[in-house]
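In what follows, chain A forms one complex with chain B and a second complex with chain C.
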Partner chain A sequence: MTIIELKNVSKKIRGVTVIDDISMTLSSDRVAGLRGINGSGKTMLMRLISGLILPTGGTIKIDDKLLGKEITFPESIGILLENPAFLDSYSGFQNLKMLASIRDQIDDDQINQTLKFVGLNEESAKKKYKKYSLGMKQRLGIAGAIMEQPDIVILDEPTNSLDTSGVELVKEIVRHEKERGAVVIIACHDADILDELADEIYYLEEGSLVKTTREVKQA
Partner chain B sequence: MNFYKLLKYDLKNGFRVGGLKLMIIILMTLAFCLDFYLRKDIVYMVDPLTPPGTWMDYLFYIFAGIKEYTPSITEEFIFPIKWILIHLFILYSTLYYPHRDLSSLGLNVLVRTKGRLAWWLSKSIWNISYVLTCYISIFLTIIIFCLVANEPISLEITPMFVNDLLDAGSPFDTFPSYLASIILLMPMFISIVLNLVQMTLGLFIKPLYSFGMMAVILLASAYFLNPFFIGNYAMPIRSEYVIENGLQATTGVMLSALIMTLAFLIGSFYFKRYDILAEE
Partner chain C sequence: MTSTFKQLLKVELAKALKNKFFITTLIIALLFALFSAWYMIDLYFYSLRGLSRMGGNQMIQALSLFNHWIGGEATSLGFTLFFTLMPLIAALPYGWSYFIENKSGYVKTVVTRSAKTEYFLAKYIATFISGGLVILIPLLINFIVVACFIPAVTPSTMYTMYHSVYHGSLWSQSYYTNPVWFVILYLILDFIFAGLFATMSLTVSLFVKNRIAVILVPFFLILVLHYSRTFLAYKYYYEISPLNYLHSTPIINPANVWIIIGQGLLFFILTFGLTMRLGGKRELL
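Let's look at the complex of A and B:
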């Protein structure tokens, strides 16, 4: 059971408040949706939870461990932030293999399985990343986030550049990750997708949490 | 174990990115070697008694720098083109990798490493390794040129070239073997220091600005013979073994080691709290 606890978290960047006094608790088997217009603070919040930026006020705890003090990054996390970025001259498979080599938890077969799961067949996996379409890049980004079955999965606009089948795939992936027991945090412009997938939706406006909708699906 | 994998990633990825630039450094070295070879013939009018240029002579020619400049109406400032080109190009070669890595695969790599210090250390080791590789490439290129041009591969410095071709204005007729170590090691050591300082500055300001600051330091070092402008120690022509009251290499080593340590510590301390945002 993974618990992410944010208490009065604020973040200022170059004097501008980008996250303002946000508190929330996220736990396993739940999908948390983030909604808000561009610049509302969704990505910043995801970067804070990922440990990529540190709060200027408040605390973030992952399983009772203080982020930025006791741990630098969540111990088991997969992220897709904004646009996926990989190495152009490497194939999709080689990119994931390079990434997987850091933790050394999964083998080539598991990488291939994940690629298949996100809809990248053997031929696509062998293609160089620079030859990927936007949709393929997005699928590879999602594969990178979920391949090691992390406890926390962060997906920032995962449906960007995806066609209808791709969007359905994202929905399937999110459900799968939830069933597996991961905390899934997803930001998406499409209100219908969030309503369908999220157990709770956090509405952000100018860095502040303005509303929380719990148990959306049952409401 | 985790750090070893991170380092392996950085070495593999960093060298992949810098591979083409290494080729340019090799081509630059070949051009400078050819320049020295031809200049010998021009200055000594193809005199058959002219001694051949040794491997160390070629190296000295490329890394010499310029003698102390005293501003006056009669003496104009001669820009140390070869010296500055080599140093600036190596600095440029290492300029963008750490930043671009953070907005590419490196972001995902970083969250898998569990530590920011490991990331900084790995990037620092990559940086040093890359600079060392540049210098090894230069040394090997000169060896190959000497083999092709039938010039001796020797650590001997030919005294007549020092004043005639390098315009060192040296009062000495002979040069100790210690000078060869200075020619071989000091430009490389100073280059490592400058590259690390540039990488650290890149955390505070845009990489291009940190490159600009390094260029200013190099230019100021060429213009002023001052022990605090560390570029001076990368100019063997200003060594105490070439000119009277020249610079002592030991002072340069100590000063550089201090700057290098500070750059690493400041970088690692600052990177601990560094906000990793999307590239602007």
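Let's look at the complex of A and C:
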């Protein structure tokens, strides 16, 4: 059971408040959705939870361990933030293999299974990343985030550049990750997708948490 | 050493040594080195023909492998291109990599699997080795090619005017007693400095937002150091430009081992210190 606790988290970048006093608790078996217009702070909040940036105020705890003090990054996390980023001169498979080799937790078969799961067949997996279409890049990005079955899965706009079948695939992946017991955090512009997938939706506006699904339902 | 660091280092080394920039730069550096070899071998046989026409002293100890390989001659275009462009050649294979990985966001997917300090340490080592090897390999090949044509006669002080290593020159005793050891010392020196030139690009990429600048800034910094010698003319006796002391043919001033060690340490402290300190603290937006 993984628990992410944010307490009064704020972040200022060059004097500008991008995240303002956010508190929330996220746990396993739940899908947390983030909704808000561009610049509302969704990606910044995901970066904070990933440990890529540190809060200027408040605390983030992952399983009671203080992020930035006791741990620099969550111990088991998979991220797809904004655009997928891989090395152009390597194939899809080679890119994933290189990333997987850092923790050395999964073998080639598991990488291939993940590639197949996200809809990249053997031929696509052998292609160089620079020859991938936008949709294929997005699928590879999702594969990179989930291949090691991390405790925390962060997906920022995972349906970008995907066709209808790709969107259905994302839904299936999110459900699968939830069933597996991961904390899934997803940001998506498509309100219908978020409504369908998220157990709770957090609405962000100018870096502040303005309401959650529960409050909306009560209203 | 953690297990993730070992794995990360393996990945970084593979990326640094198996990329098209490393191969292309190596080919260009090899061309310079082979161009020097071709010119010097031709010059050697020309000199032999001239001496044989005169008869008498064959001056065997004046015409040796050790003053005809690229690190011991200062006459060919290959030599000039190789040693003048060394900081650029060293940075081209992998000095730009952090800049690209940071710009694309790739670095985020790597550091969340390890740690920022491990990432930057692995990157520093891989960049250093790629820069070192892209210089070391052409030097070695040049030495071997030249050795195939010109005998490795131990230089004699009787023919000092044919050799560029004088009394007081760096490691001059080795040159006239054990010249192979002298060459090995220069190969090590060049490997280390080429590695440091490459890591300068890595450090610069923490500040500069342009890929071309990342590659060129170290080259221009070394050129500034090289031409700053002119301000020291007639005031300071020893060589301060790496472009002049990384081969055994200093053009004006003799090299001094303490200046070389001092500069090497300074380059290392600046590149390693800044990369690890700033990189480790850097927020990945």
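Basically, the second predicted complex is superposed on the first by the 213 of 219 C-alpha atoms of A that agree within 3 Å, B and C clash if a C-alpha of one lies under 4 Å from a C-alpha of the other, contacts with A are read in each partner's own complex, and residues count from 1 in each chain.
Definition applied: a residue touches a chain if its C-beta (ideal position, glycine included) is under 8 Å from a C-beta of that chain, and two chains touch if they have at least 3 such contacts.
Everything numeric in this text was worked out from a predicted model, so none of it was measured.
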item	value
Room on chain A for both chain B and chain C (clash or fit)	clash
Touching partner for A:E75 - first (chain B), second (chain C), both, neither	first
Partner chain in contact with A:E122 - chain B first, chain C second, else both or neither	neither
Which superposed partner A:L99 touches (first chain B, second chain C, both, neither)	both
Where chain A meets both chain C and chain B, residue numbers	13, 47, 50-54, 72-74, 77, 79, 81-82, 85-87, 89, 98-99, 101-104, 144
Chain A to chain B touching residues, read off their complex	13, 43, 47, 50-54, 71-75, 77, 79, 81-82, 85-87, 89, 95, 98-99, 101-104, 144
Of chain B, residues touching chain A in the complex	1-2, 5-6, 8-9, 12-13, 16, 103-105, 107-116, 273, 275-278
Complex interface listing, chain C residues touching chain A	3-4, 7-8, 10-11, 14-15, 19-20, 101, 104-106, 108-116, 283-285
Chain C-touching residues of chain A, taken from the complex the two chains share	13, 47, 50-54, 72-74, 77, 79, 81-83, 85-87, 89, 98-99, 101-104, 144
